[in-house]
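Here it is, the structure in full.
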Amino acid sequence: MTIQEPAAALANFTHQIRVGWGDCDPARIAYTGRLPWFALEAIDAWWEHNLGGDGWFQMELDRGTGTPFVHMSIDFRAPITPRHRLICEVWPCKLGTSSIGFRVNARQDDKLCFEGKFICVFITPDTFTSKPAPHDIRDIVTPLLRPE
Amino acid sequence: MTIQEPAAALANFTHQIRVGWGDCDPARIAYTGRLPWFALEAIDAWWEHNLGGDGWFQMELDRGTGTPFVHMSIDFRAPITPRHRLICEVWPCKLGTSSIGFRVNARQDDKLCFEGKFICVFITPDTFTSKPAPHDIRDIVTPLLRPE
Amino acid sequence: MTIQEPAAALANFTHQIRVGWGDCDPARIAYTGRLPWFALEAIDAWWEHNLGGDGWFQMELDRGTGTPFVHMSIDFRAPITPRHRLICEVWPCKLGTSSIGFRVNARQDDKLCFEGKFICVFITPDTFTSKPAPHDIRDIVTPLLRPE
Amino acid sequence: MTIQEPAAALANFTHQIRVGWGDCDPARIAYTGRLPWFALEAIDAWWEHNLGGDGWFQMELDRGTGTPFVHMSIDFRAPITPRHRLICEVWPCKLGTSSIGFRVNARQDDKLCFEGKFICVFITPDTFTSKPAPHDIRDIVTPLLRPE
């Protein structure tokens, strides 16, 4: 028997960013310092999409779970300009007991512009101490996991 | 004879901004320093919408016309949070020989959050000297003018 | 009798900002959206200088007083580049019962680049409701007041 | 014979950043998206310090050499707040034919907050193509190289 991978599993969440004049530097491309910001916005939007509209703001204030970053690593492949929207593909690639890893691939006009890996830990905001990923979040993330 | 004002003339352009965690400060509202940035993005998007996809980037690099700001004035009416998208209504309120004025009204959940007035001048980028508004731009802007 | 204006009264607080590549846009000048951010940083630094090291962060979290903005108005006089430090002169120009007004004049190489006026209100952070300026703050601000 | 390591070799360049209210997020620590920006500012300041006042802006516009990033990797060790200045230690750790690697260690109150590694390539701005590091820059960087 051949297990058919469902089509939905192949399509990762994408978040679209409007790159504008103010994002660009004198080299007339998006400033490097803006690109991690874009990637983080895409991850925040990924949570919002998957947690019923709750992004980091609601996770921290309403759900009592923060997910600060402990690592980011980005390879910049091609310049980004305002001539196309930036399409950020986001997927979780690792779920540990109290950590989660994300991949973000950002493309313009179908060209890979940067790819990044990000690791966050689950914490209790009041004490800023790590904790296991909440069960409801674990249940939502697990089926969305994909290899790096 | 009664001239009917077309419905389209009443509806100003709106630009939607996703307010996220990273836009907020420790008071848990969008940081004041981000709000002029939002307003400018909305004006850039207004140009893009009305100039066939050309925002400030293409205006400067492809069309040879820059529009730097000489004035901004903003009244902050209500806090902005990530709980709603920020809807920025933009319209040109004045077109001088070599200047253009914009109004930006930003709302969340139908509530006015800030309202601003912005004045830009048309310039030749190479010399950074003012010039009359190009004819094609004047023709596009004139029918969109509305009172402050 | 001639009233001698004390020397100290003539010298307003200045805050120096390093304008860098990442602050500039494709026109090769500091992006307009960054300039209110600079002005706000200068006002935050003014508080820090005058409240014994307490800027907005400590005012809100340690002293229980927030000062959100209700108005800003900026005239942009000359382009700003990374070729000089930006010297932001800050002074309070009005102290109402529960509000405070600031002026910020920003210069590069002795040339006025922008001048702005800002109005904030004193609030209780927990309720986001206005309150009279605390006495200790009023005592510190009053002798520093200067006309617009 | 004991080779004495010169004292100068031990002291890397440091760049001080004022972390303010506007850099912080609702968790009341500096927003992760701001930290790469801080690191880049520190590298820009490193160039300025070592190239006679020329940062990225002057390198690109006056010297005809750009140094876009191809990689960044950051480990976040401790939260950053406005309660201390952020001291960013910067040093070059690798100089290839047409690339340069930097390390940035950022501390507050003597505590390591983040450490990052960054790789840039030397390019000709007009064509955005890589080129060997200019001789004068190579001569300046070489004696400053230190292991990762």
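Note that the chains are named A, B, C and D in the order they appear, and that numbering of residues resets to 1 at the start of each chain.
Here, a residue touches a chain if its C-beta (ideal position, glycine included) is under 8 Å from a C-beta of that chain, and two chains touch if they have at least 3 such contacts.
Here is each chain with its UniProt name: A, B, C, D = Thioesterase family protein.
For clarity, every value in this text was computed on a predicted model and none was experimentally measured.
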Next on the checklist: Going by the touch criterion at the top, tell me which pair is linked by more C-beta contacts: A-C or B-C.
Outcome noted: B-C
Checklist outcome for this item: So the chain most remote from chain A by C-alpha centre is C
Checklist entry - Same or different: do the copies chain A and chain D touch each other through matching residue numbers, with over half of them shared? => result same
Item to check | Length of the line joining the C-alpha centres of chain A and chain B, rounded to whole Å | outcome: 29
Checklist entry - Once you find the CA centre of chain B and the CA centre of chain C, what distance in Å lies between them? => result 26
Checklist entry - Using CA atom averages as chain centres, what separation in Å is found between chain A and chain C? => result 36
Checklist outcome for this item: Residues in chain D with touches to at least two other chains are numbered 21-22, 24, 26, 28, 32-33, 37, 40-41, 57, 60-61
Checklist outcome for this item: Listed in rising order, chain B residues that touch chain C in their complex are 26-27, 29, 32-33, 36-37, 40-41, 57, 60-61, 66, 68-76, 79, 125, 128
Next on the checklist: For a test of understanding, state which residues of chain B touch chain A in their complex under the given definition.
Outcome noted: 18, 20-22, 24, 28, 37, 40-41, 44-45, 55-58, 60-61, 81-83
Checklist entry - Quick one: in the complex, what on chain B touches chain D? => result 21-22, 24-26, 28, 31-33
